[in-house]
Amino acid sequence: VDLEVMHWWTSGGEANAVAKFAEAWTATGNTWVDGAIAGGGDTARPVMVSRIIGGDPPAAFQFNHGRQAEELIEAGLLLDLTDVAEAEGWADIVNPSSLLDACTVDGRIYCAPVNIHSWQWMWLSNAAYENAGLAVPTTWTEFAESAPALQEAGLTPLAMGGQSWQQNGAFGVMALALAGEEAWLSVNRDKNAETVMGPEYTRVFEAFGAAREFSDGLNVQDWNQATAAVINDTAGAQIMGDWAQGEFAMAGEVAGEDYSCLPGLGEVAILDTGGDAFYFPKQDDPEIEAGQKELAAMLLSPEVQVSFNSAKGSLPVRGDVDLTSVNECTQKGLDLLANGNIVPNGESFLAPDTISQLNDLMTEFWNTPAMTAAEVQEQYSDIIASAE
Amino acid sequence: MADVGILAATKAAEQPVAALLDGPRGPKPVRRFSRSNIIIYGTLFVVALYYALPLYVMIVTSLKGMPEIRVGNIFAPPLEVTFQPWVKAWQEACTGINCDGLSRGFWNSFQILIPSVILSVAIASVNGYALSMWKFRGSEVFFTLLMIGAFIPYQVMLYPIVIMLREAGLYGSLTGLVLVHVAFGMPINTLLFRNYFASIPEELFKAARVDGAGFWAIFFRIMLPMSLPIFVVALIIQVTGIWNDFLFGVTFTSSPERYPMTVQLNNIVNSVQGVKEYNVNMAATLLTGLVPLVIYFASGKLFVRGIAAGAVKG
Amino acid sequence: MTISDTRPDAGDRAAARRPSRLFRNLPSKIAMLPLIFTAVVVFLGGTIWTVVYSFTKSGLLPRLSWAGLDQYERLWSSRKWIVSIENLAIYGFFSLIGTLVIGFTLAALLDRKIRGEAVFRSIFLYPFALSFIVTGLVWQWILNPELGLQNVVRDMGWTGFSFDPLNNPDIVMFGLLIAGLWQGTGLIMCIMLAGLRGIDEDIWKAARVDGIGTVKTYIRVIIPMMRPVFVTSLVLIGAGIVKLYDLVVAQTSGGPGISSEVPAKYVMTAMFGGQNLGQGFAASTMMLVMVVIILIPWAYLEFGGKKHG
Amino acid sequence: MTLLNPSVSIKNLDLSFGAVKVLQNLNLDIGDGEFLVLLGSSGCGKSTLLNVIAGLLEPTDGQVWIKGRNVTWAEPSERGIGMVFQSYALYPQMTVEGNLTFGLRNAKVPKAEIAKRVARAAEILQIEQLLKRKPGALSGGQRQRVAIGRALVRDVEVFLFDEPLSNLDAKLRADLRVELKRLHNNLKNTMIYVTHDQVEAMTLADRIAIMKGGKIMQLGTPAEIYGKPQNLYVADFIGSPSMTFFDGTVEGDVIRIPDHDLPLGTYEFSQRPATGRPAIIGIRPEHVMTGDNLRSAPYTAEVTADLVEPMGSDTLVHCAFGGQTMRVRMDGQAQVKPGDRLMIGIDPGAASLFDKETEARL
Amino acid sequence: MTLLNPSVSIKNLDLSFGAVKVLQNLNLDIGDGEFLVLLGSSGCGKSTLLNVIAGLLEPTDGQVWIKGRNVTWAEPSERGIGMVFQSYALYPQMTVEGNLTFGLRNAKVPKAEIAKRVARAAEILQIEQLLKRKPGALSGGQRQRVAIGRALVRDVEVFLFDEPLSNLDAKLRADLRVELKRLHNNLKNTMIYVTHDQVEAMTLADRIAIMKGGKIMQLGTPAEIYGKPQNLYVADFIGSPSMTFFDGTVEGDVIRIPDHDLPLGTYEFSQRPATGRPAIIGIRPEHVMTGDNLRSAPYTAEVTADLVEPMGSDTLVHCAFGGQTMRVRMDGQAQVKPGDRLMIGIDPGAASLFDKETEARL
């Protein structure tokens, strides 16, 4: 059957990864109709939702893990995949199991998770530190201490792009690393505004305020331009998810030699488990429905997981597959995953609306030097307090 | 007595030397570089530079290779002219897994453009004609409503329109998309046509009515043949708007195979890849802008004339 | 005189009766159906729909779950919304003034019987044919400090030269303005030029006999005479300002921080980024209210003042 | 011309634009084959009335009858009228022939018939050699001829003209005026003609209707209107240069105006006013006698020429008389200079007398 | 008026628009305080000449002198001229006062002086009570008065008028014409006045220049122009209705035209043509004698009235004579109907004779 799949994976590596799905799907004698829309979720989501509301949905579409699709499920617009999940034994193979929880509403499963991405990384340029005559830091604390020296050497200690999600994301990473898992869960999962005002988080806000100073002097918009500054050794480090590794790889850099990576900022060895999942809108045509289920099963099949995640640079959602050749950093990630040093992705706790508010707040703070850490802390707690 | 003047005249004619002596004659000598000329042409030139610069940058960049772009400055002409970016933009750039560049959407854009432009210009011209010559009670109210519609951002209307089209059973069809373009092009075009027809002498209309021509006969036989300039204006505005549209094209098309060219452009330009391929971006941009640009340059003076009739009066 | 009594005629009787109001001018009404439909169903209907749903808690999908004025309270307590409005005001003000001034100045210069008028006119107008996505992209690039203008000037020797509007929250709106004006002034110039050509030449002669300088004649005499032209221009510019969205997305994505957010983008982010339709609808309702407040005086001038024409 | 069977008949016509009443309870019967001129100053409603007759404007109230049919609600093309406009209103993109035949083709008249009618109209108007040209390539006079031709081919009973000549220059106007008169003499159609040019009105009309503010002030033959204006407005309006008016009081057989008592011996009163009644006397410049004619004048006076306007065929002299500037029309050869004294004579028989209050003719 | 010291003097003026020669080697001296009217049909270059004098157009060659100064290259505002336009060209957004004072304020004339001049102009033109209004709230005549006022306050020696009255209706035109004449009598400025209305030209002018195709065909007093046109063009152009022309041959003391031999006894030849020379005789309608005057006619004939145009003060009769339609002007009271036979008399002394070839007056 012809299945139209919508997604916003259009960059080189991403498109490559999608191609793996498509190849596998075509190999089963079906047709993959590719509906790629670049510009990220904000551009693609209105199109997907419009198509669903308009009654002419694609056969499958990509959303991030989390609560983005909750309403669609509640409105009964998405296909129930529980029978596929049971047949394939997803409950046993998906690791961490929280990924499946995010797909589950009232005990029914509505999505097929395909990969794991984690935000909890800091990437450092070894050459930059060498040039400045410094040792490469191994923790955030060391990084913060060495930052002034780096600045004196004419380098930007911390590369940060201009978009709000990058700044809020980096804050999330620092919160988990510096305030610890307990406080982080209390804020994100339990929406406890008091924790935000507590001592653990106060430390995070102060560190974040310091980080703002570390990023002076580099004005870039896109995250990969910030990564490029680390690759070119003009910046010391960047806090960014594991997808940044693709950029290092493309530039021909080698983990450990040219760059270092610190999961959990080197403070707390823990990863969050975000990622992408596919959803399947309900269709009238039983043939298509069958195809949708077939596709869902295929997405989680071991071979497809390996080929897809190798191309995308993400981790597979099944614990029972081996990625062929992995570098030092990926191995660190896999180890943490295997050891269960993981928390769910922040987005699976917070509604998109809340995230969008936090994005705005953090980017405002980042770009308003006059705004103090205490002020932003206060506003942060307000947003958490009003979050659903 | 009459002869005195003639006499004086003959005298003057007989004394060309004397005439030469008594000061300036003929046109005031113009200094080519008079102050006002320097100011006028200087200003125009500088401003023209500001307007032409981006086009220049686009063209120059689209002809450079990536290495040259990285080292050189954006205004420098290409050391080595390469058409590779154009080729890539046209038929190699990837959209998701389809790597056939803009060419994929080019004909789709035409398929959307042609019916949309024809229909919207046709409807807007009839609207303008009715509004200026066949007013009826309430016609101005509807027109005012329509004009307020010109101020509504498209994005705001997205969901209501999706729902309307769904209810009409047109969602996802070309007809639906064309209707959306027609609706959103209607305010400004109706305004232009209305003003244009209002500037046509009323007596012409009356004469035709006495001659027994009805609503449509007057429109087709009398008004249409004299409205070329305003049609050119409407055509340009609509072609530009519809060709450049991204949101409607992507939202109201049911299959990726039928996406307009702007979707590919968006994908090429907005895909976050290692380094932005500026040369390909620019080539794609130029290729996409080509159709409106060609139509605009081809129309030349008619555009200004149409504007004069459609925007100034009324 | 009672001629009708002497010659009763059925056909004449029919013609003598005043026809029903609904069927008078029927072809015109039929021809206007598309307009009426668009105005009432699409624009008015869509607007009402939007306003209604702005009072709900709609998230990703429109749902009639009432939220009272919550969305509006949230809207007006949002810094981003306030910043958006301020930005739009700044952009609108300067864009309006800038477009009118530049458009008029260029038109006036072109009207001075200069050589190569057609060439200049084409150069000024061509950006109008390009989409905002393209405009934003090109200008983002030219204004990029590492690649564009700043870099070029520095390469020429002025190493201290700094021009980086898109990354400076204080002047980022002016970075947008540079691109916005580039795209939009051409059309206005055309309209102004047409308007200037329509001015009675005797006025110019009268002013010259009175010894009024050219610039002063423009300011004191010609501009006040071009009211209808300015009205049309205002409508066009105004509609463009309110809808400002693509350019921002293409050039700055609202950054740095939230310093170049605009209402239309707020709406979009709320609706599709934040998946809070109700919030987006509330914001767009507020935009509409502002538009209507601005438009009512105009509509009054256009339709209330003179009854025909 | 019998008004028992009028060609066009307007009954109790009212027309308002919003709150502005443009025509008020207007009644008018126009005879078969009559040439009626609507004359009045700008904005008095002439064009409006013509448009109502043509069916191009809807009356607020009242009826329009043409040829015994109530056409109040009929389409313009069904009324049996042809119309000629001031601005010609030719269809610019059609040839002259196209312009002439447009209405006929609309009405699906057979080809042969169309050709016949066009040939006839072209011959009458002498525009045969223009048939293939477009209006843009015609002079003003030729355009107006084509516009008349367009009405002509429709073969209608009633022609409506809305200031057809006022866009032409003086010479052409005079020529076309004569042609129009000839045309009417040949065709004998009913013609309703709007103008604000008195000369046109006087020379063309069988009857003139003088309008003011949407009402008809006087309806009559040119001679009646000129010689016996029924009220002050008409008296002032007709005649160029117009009458000189003197305020006075009727005292038996004289009217007493400042410095002069003019005898009213031969004046034909329609109603003789009481003695002491304030009245106005109006005297036309050409009715002031000078030179040889003085002998027959019932009243003479000496005046000083103040301003002299030679107009070629005659000369207009302005002089002070009875507290007014009186205009006197003299022969074109008259040699008068400002400051000259001259004798003038006044014949009240040719003058017009109006009640000061009602402004109606006495 | 001495042309040794002319107020405005045009010397060898040429003007072309591209290849089109609009004015050709034009010479014209205008006396101090003279009222000169430029008369000619549309497109003959009247406005162009006026604009050159005003400095609004640059001549291709030649000079313009005003008050003994060569102003060929001077700015319009420096030439000591004021100009009044057909379309009034008032500044619409300024009050009447603003319109009058705009130029003066710009020239930094002292406030008191401005006030004085405005007061004077307003008094002369009787627009005192309009000073605070905007042009939009004025009638046509009032607007034209303000436009004249704007020239007046400039306190200049030379006034230029470009068809100032042609946008007004007939009545107003006659009134303002008289006012203009008065104004000139009072102010004694030099005035150059463009029109294509003959009556205006005849009544206003001290001298008239008849233009055709950028050349002056005749320059002279109204009486000269009217009575002794120097060529066929002027003869045909002046007079409304115009002369009737007959082709003929001069045979000794008669001119032989179809069916008639008209005696030329009293005609004042400027140059007597050879016998047998083809010539054209033009006869003005008012010089055709009827009724009582017939007795003094050197030549009489009986004709049939063909078309009668009553014009109030006189009546125009068209009749066939000598193979042409001759126009005859009769008294307003004349009772002639088409078809009537009437006797007419012709006095060649008042007629004009032209050489057929050169079209110059004989």
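Here the chain labels run A, B, C, D and E in written order, and each chain numbers its own residues starting at 1.
Quick note on the criterion: contacts are C-beta pairs under 8 Å (C-beta built on N, C-alpha and C of every residue); 3 or more make two chains touch, one makes a residue touch a chain.
If you want to know which protein each chain is, UniProt gives these names: B = Carbohydrate ABC transporter permease; C = Sugar ABC transporter permease; D, E = ABC transporter ATP-binding protein.
Owing to the predicted nature of the structure, the values given are computational and were not obtained by experimental measurement.
**Q** Imagine the assembly minus chain A, everything else where it sits, and name the touching groups.
**A** Apart from chain A, the chains cluster as one piece.
**Q** Quick one: which pair of chains has the most contacts?
**A** Comparing chain pairs, contacts are most numerous for B-C.
**Q** Which chain has its C-alpha centroid at the greatest distance from the C-alpha centroid of chain E?
**A** A
**Q** Per the centroid of Cα atoms for each chain, what is the distance between chain C and chain D, given in Å?
**A** The separation of the two C-alpha centroids amounts to 52 Å.
**Q** Report the inter-chain centroid distance for chain A and chain D in whole angstrom, where each centroid is the mean of the CA atoms.
**A** 91
**Q** At least two other chains touched by the same residue of chain C: list those residues.
**A** 62, 268, 271
**Q** What are the residue numbers in chain E that touch two or more other chains?
**A** None at all.
**Q** What parts of chain A, by residue number, touch at least two of the other chains?
**A** 46, 53
**Q** Note which residues of chain C are touching chain A in the complex, please.
**A** These residues of chain C touch chain A: 59-63, 78-80, 145, 164, 167, 169, 252-259, 268-276, 279.
**Q** Any idea which chain A residues touch chain B in the complex?
**A** 4, 6-7, 9-12, 15, 18-19, 22, 32-40, 43, 46-47, 50-51, 53-56, 222-224, 228, 247, 250-251
**Q** Touching chain E in the complex: which residues of chain C?
**A** 200, 202-203, 205-206, 208-213, 216, 220-221, 224-225
**Q** Which of the residues in chain E come into contact with chain D in the complex?
**A** Its residues touching chain D are 41-42, 169-171, 174, 177-178, 181-182, 185, 196-199, 202-203, 222-223, 226, 237-242, 284-286, 307, 309-314, 316, 318, 329, 332, 338.
**Q** Given the complex with chain B, which residues does chain C contribute to the contact?
**A** 21, 24-25, 27-29, 31-32, 34-36, 38-47, 49-50, 62, 102, 105-106, 109-110, 112, 114, 118, 120-135, 137-139, 141-142, 147-148, 151-152, 155, 182, 186, 190-191, 193-195, 197-198, 214, 228-229, 232-233, 235-236, 238-239, 242-243, 245, 264, 267-268, 271, 277, 280-281, 284, 287-288, 291-292, 295, 299, 303, 309
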